[in-house]
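In what follows, subunit A forms one complex with subunit B and a second complex with subunit C.
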Partner chain A sequence: MSPPAILVAILGLVGLWLPLVQFKPNRIAAGDSLTLAAALEAGWPVALGLAAVLILGCLRYWSPRLRIVAAALGIAVLVLSLGAAASQLVGPDNKLARVSPASGFWLMLLAFSLMWADGVTRMRPSLRASWLMLAGALAQVAALLLSGQLADVSVMRELAARQDTFAHEARAHLILAFGSLGLALLAGLPLGIAIYQAPRWRGPVLAVLNVLQTIPSLALFGIMIPILGWIAATLPGAGRLGVSGIGMFPALVALFLYSLLPVVSNTLSGLAGVPATARDAAAGLGMTRAQMMFQILLPLGLPALLAAVRIVLVQNIGLTVIAGLIGGGGFGTFVFQGLNQTAMDLVLLGALPTIALALVSGIVMGLLVDQSRATRGQA
Partner chain B sequence: MIGRLLLALAAAFALAFLLSPTSFAVLFQPLTRNGAPAIYTQASLLRLTLFHLGIVALAVLISTAVALALALFVTRPVGREFLPLARTITTIGQTFPPVAVLALAVPVMGFGTGPTLVALILYGLLPVFENALAALTGQPAKVAEAARGMGLTPAQRLWQVDLPLALPLLLAGMRLTAVISLGTATIGSTVAAKTLGEVIIAGLLSSNTAYVVQGGMIVGIIAVLIHAGFQHLERRAARATGQTD
Partner chain C sequence: MIELRNLTRHYGEVTAVNDVSLTVQTGQIAVLVGTSGSGKTTLLRLINRLVQPSSGQVLIDGADTASLPVHHLRRRIGYAIQGDGLFPHRTVARNIATVPRLLGWPKSRIDARIDELLALFQLEPAAFRDRMPHQLSGGQAQRVGVARALAAKPDLLLMDEPFGALDSVIRAKAQSDLRDIQRQLGTTIILVTHDIQEAVQLGDRIAVMDRGRVLQYDSPAQILTQPATPFVRDLIGPTERAFRLLSLTGIGPITMPGEAHGTPIARDATLRDALAECLWSGRDALPVQGGGIVTLDALRANAAQDRQ
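Up next, the complex of A and B:
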């Protein structure tokens, strides 16, 4: 018996016993909760099949590969059951009824994700295999979403009702998260290099950036509105350059300020971490300062830099949600709209893509960091 | 030295402001428009601050206790098999945005302080766990050997060697958790938690910059103080066990 698999099995079985879906005749009415076995026409065989996979997974001789395949299948069956339960409960003509995933669904999703993670961790995949698995997982998610099987689940109904706004907010979210990262790299890299060359300035610069980081995000976003509004109104030409106290701009500046510390401090530690022998060798070859920077220090400091990009990207994708509160757009718009109307499906519509985006960006950047280390022989 | 002086000044200013906010109205008046009030008076700022600190302290304590227990479990022979999985979960879990975790806690917990506390605890687990794990697994081999050579029982080794050596890194994890929680707790006010976020949100809703600044300022000063306080403790703990770094 494998202890992590036993934990997975317990979580999954509890999930099977808890309600899979919540069924509401309309958005406001109190709902009924149904377990997987009760919600589906062929509920019992499906539930027994999932239970069998969970219990058999406890066997020690299951190979990591088998665990990954079983987990992927389990997730697919679970999600398809959710979609089928929704279709069967609401029927095609009923526009008012809502079926949302309930605690059992989330718990089983957690269980199978853990099974997947357990398999991946045991397999210790090569970089190539990791990329392939990531691509496979993304393809599976895309196939499930595009199959139309989920169309009657409440979140997807919310999505169908506001497809244009969703695309718009998604674009805003990406522009904010990636745009602020780009700006932070443009400003932070030179700043990091500058304080590497001038150690006297390291303390003060990092202290200021540290204090910036401690300002609560909500306040920083809020303060940017009047400050930028004032700049746009008083500095001639600022307005024409896009400076504005409303819309996306304040959020972009706030995110940029938060991103500076990780970029600057990682640039510094990346440069400072280059072995002295490499620097001596470069000096011995008669390299100029600029040559040394671009041919030795920056390439060798690359893993630390990519690690900073990972931190900033994940952090900014999450923080961009708050832009929704100050009218800056992004998925946060749905989250806060949903919280205001106590419409949890709407909250999910904002929260799930944010989590997915952060998760995928974190994994991709993590793999890139590993790759840059491997090609440099620093693994 | 200058740093300490600045910290002391900031602390004194924050304390004076909390005890008698209205005396500082002159300072915030320029930030208001159309004669809006300069100081938030719907609720006592001191009370909100205490609530805010209470939630954060409770969250940090609970997540530290749970994370440390889990870290100890996966580094003992009984739980060894969970170690690699636990590492993966921590790395992935930390990419979950705190705001999203908070929003998702609402359907389960309803509105109020509850979901905020749960989100803070869940999110706070990860930095402490990661650091505790690094500290418990990163010991030099000679330390373990010396402990065995002295004939320490596993329990003695845990209390007299492992935990004291892990303390600096553990405190660093608590520092991360505390600072993140302070900021995230302000967002908790969007789901009706009683924190200083209430002041900031009131400012956002009524376009009163003075509210936004005073709420943010108090949280910011407290965050800087907590950051410095933990760093001080970390250095002391490191010195006490002869770890120079």
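Up next, the complex of A and C:
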């Protein structure tokens, strides 16, 4: 028996026992909770099948590959069951009724995701295999979403009702998260290089950035409003350049400030971590300071830099949600609308793509870090 | 010609190099020996200004190196760093190409030079050109480090314990190769080692260092026969001294006409080889390839002469 698999089985079985969906005749009415077995016409066989996979998964001799395949199948069956349950419960013409995933669904999703992760960890896939698996997982998700099988789940109904705004907010979210990262790299890289060359400045610069980092995110977004509002009102021309107290601009500034510390400190530690012999050799062979920086220090510090980009990207994708509060746009808009109207489906419409985006970005960046290490044998 | 004038370098309380003056003639090999921490590396790095002197001057062909931009100076001086100092993210070929690229050589000339150097250091070009440094053994990496230092045909080569990672067989080969390369190219070499045998074999001149000072700067024979201080005598190892001295001289001068039995000895063998062969085979005289003999009596007489 393998301990992680036992945990997965317990989580999954509890999930099977808990309600799969919550059914409400309309948005405000109190809902009914239904387990997988009860919610589907062919509920019992499906539930027994999932239970069998979870229990058999405890066997030691299951290969990692088998675990990954079982997990992928489990997730597909689970999500399709959700879609089918929704269609059966609401019927084609009922526009008011809503079916949302409930605790059992989330727990089983967690269980099969853990099974997947367990399989991947045991398999120790090569870089190539990792990229392929990521592509496979994305293809699976895309296929499920595009199949139309989920159309009657209420999150998807919210999405269908808001196709245009969703695309717009998705764009805003990407601009905020990646734009603030880009700005942080533009400013943070030179700053990191500068304090590497001038050690006297390291302490003060890092201290200031540390303080910025400790301001709670809501407070920082809040502070931006009066400060930038004042600048927009007083400096002629500032308003025309997009400076304003609310909207996208203050959100971008706040995210940028949060990103500076990880970028600067990782640049510094990346450069400082270059072997002294390589630096000595570069100087001894007659490289100028600039040549040494661009040909030796930066390439060798690259893994640390990419690690910083990863941290910042994942952090910013999450933090961007808060931009929704100050009218900055992004998926946070749905989250806060949903919270105001106590419409959980709307909250999910904002939260799920945010989590997915953060997860995928984190994995992609992690693979890039590994790749940059592998080419020089530091893996 | 390299001239060091009253070079001193302090690190806080420590005086790593203390008032060192010496001259290395063009085309000579000067070897710095001394115990660990005696200031050898620091002295070497003062020459290419990786370390700035607290006081004193370095002159190359009469010109003060302080008057040149450092990176121009360093591109003219080959530097094989202690360890190997290869750039871990660059292939062997790209490592060797470093200085030629800085100097803007055309690509075809650089490629030819890389293959020439790899072959010279017994590294099959096709097999090694595209390897990364982590795919080399310690000894191979050191040889690539030396090849990189030689790439732009510098007039002066600084080498910091270049053969430290080599086993004794390859080491002896590398030493004689270095000698050959140096004779062919007429390069001036300043080499650091803490192996006195290596110093005796390679050096035209040996500088013995202790606690930042050069105690004696002389030919190997002088150092062996007339150590200037007790420290130098201890460093040579008094019991080894006779053999080291014998290994300095070829058998040419004591070869005399005559006949002897047994396997002949090579014409370019050293006195040490001849003595060892006499003792081992129990012979009083050895035939020399191409004619003549070497006798135990002649060896003994020669040693007595050295002792005076």
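Operating definition for what follows: the second predicted complex is superposed on the first by the 379 of 379 C-alpha atoms of A that agree within 3 Å, B and C clash if a C-alpha of one lies under 4 Å from a C-alpha of the other, contacts with A are read in each partner's own complex, and residues count from 1 in each chain.
Convention: contacts are C-beta pairs under 8 Å (C-beta built on N, C-alpha and C of every residue); 3 or more make two chains touch, one makes a residue touch a chain.
Since this is a predicted model, take the numbers as computed values, not measurements.
When the two complexes are overlaid on their common chain A, residue A:335 makes contact with subunit B while staying clear of subunit C. In the superposed model, A:350 makes contact with subunit B only, not with subunit C.
Within the superposed three-chain model, A:117 lies in touch with subunit B and out of touch with subunit C [touch as defined at top]. Using the contact criterion defined above for the overlaid structures, shared-chain residue A:13 touches neither subunit B nor subunit C, since it reaches no partner. Judged by the touch definition given at the top, the superposed model places A:127 against neither subunit B nor subunit C. In the superposition on chain A, A:283 makes contact with subunit C only, while subunit B stays out of contact range.
Touch criterion met: A:299 reaches subunit C, while subunit B stays clear of it. In the superposed model, A:231 lies in contact with neither subunit B nor subunit C. The partner of subunit A that touches more of its residues, comparing subunit B with subunit C, is B. Common to the subunit B-facing and subunit C-facing surfaces of subunit A is no residue whatsoever. Listed in rising order, the residues of subunit C touching subunit A in the complex are 45, 48, 50, 70-76, 79, 81-89, 98-99, 102, 132, 134-135, 145, 148-149.
Only residues 275, 277-278, 280-288, 291, 296, 299-300, 375-378 of subunit A touch subunit C when the two sit together in their complex. Listing the residues of subunit A that touch subunit B in their complex gives 2-4, 7, 103, 114, 117-118, 120-122, 207, 210-211, 214-220, 222-223, 225-226, 314, 317-319, 321-322, 325-326, 332, 335-336, 338-339, 342, 344, 347-348, 350-351, 354-355, 358-359, 361-363, 366.
Those residues of subunit B that touch subunit A in the shared complex are 3, 31, 79, 81-82, 84-85, 87-89, 91-92, 94-100, 103-104, 106-108, 111, 179, 182-183, 186-187, 190-191, 196-197, 200-201, 203-204, 209, 212-213, 215-217, 219-220, 223-224, 227.
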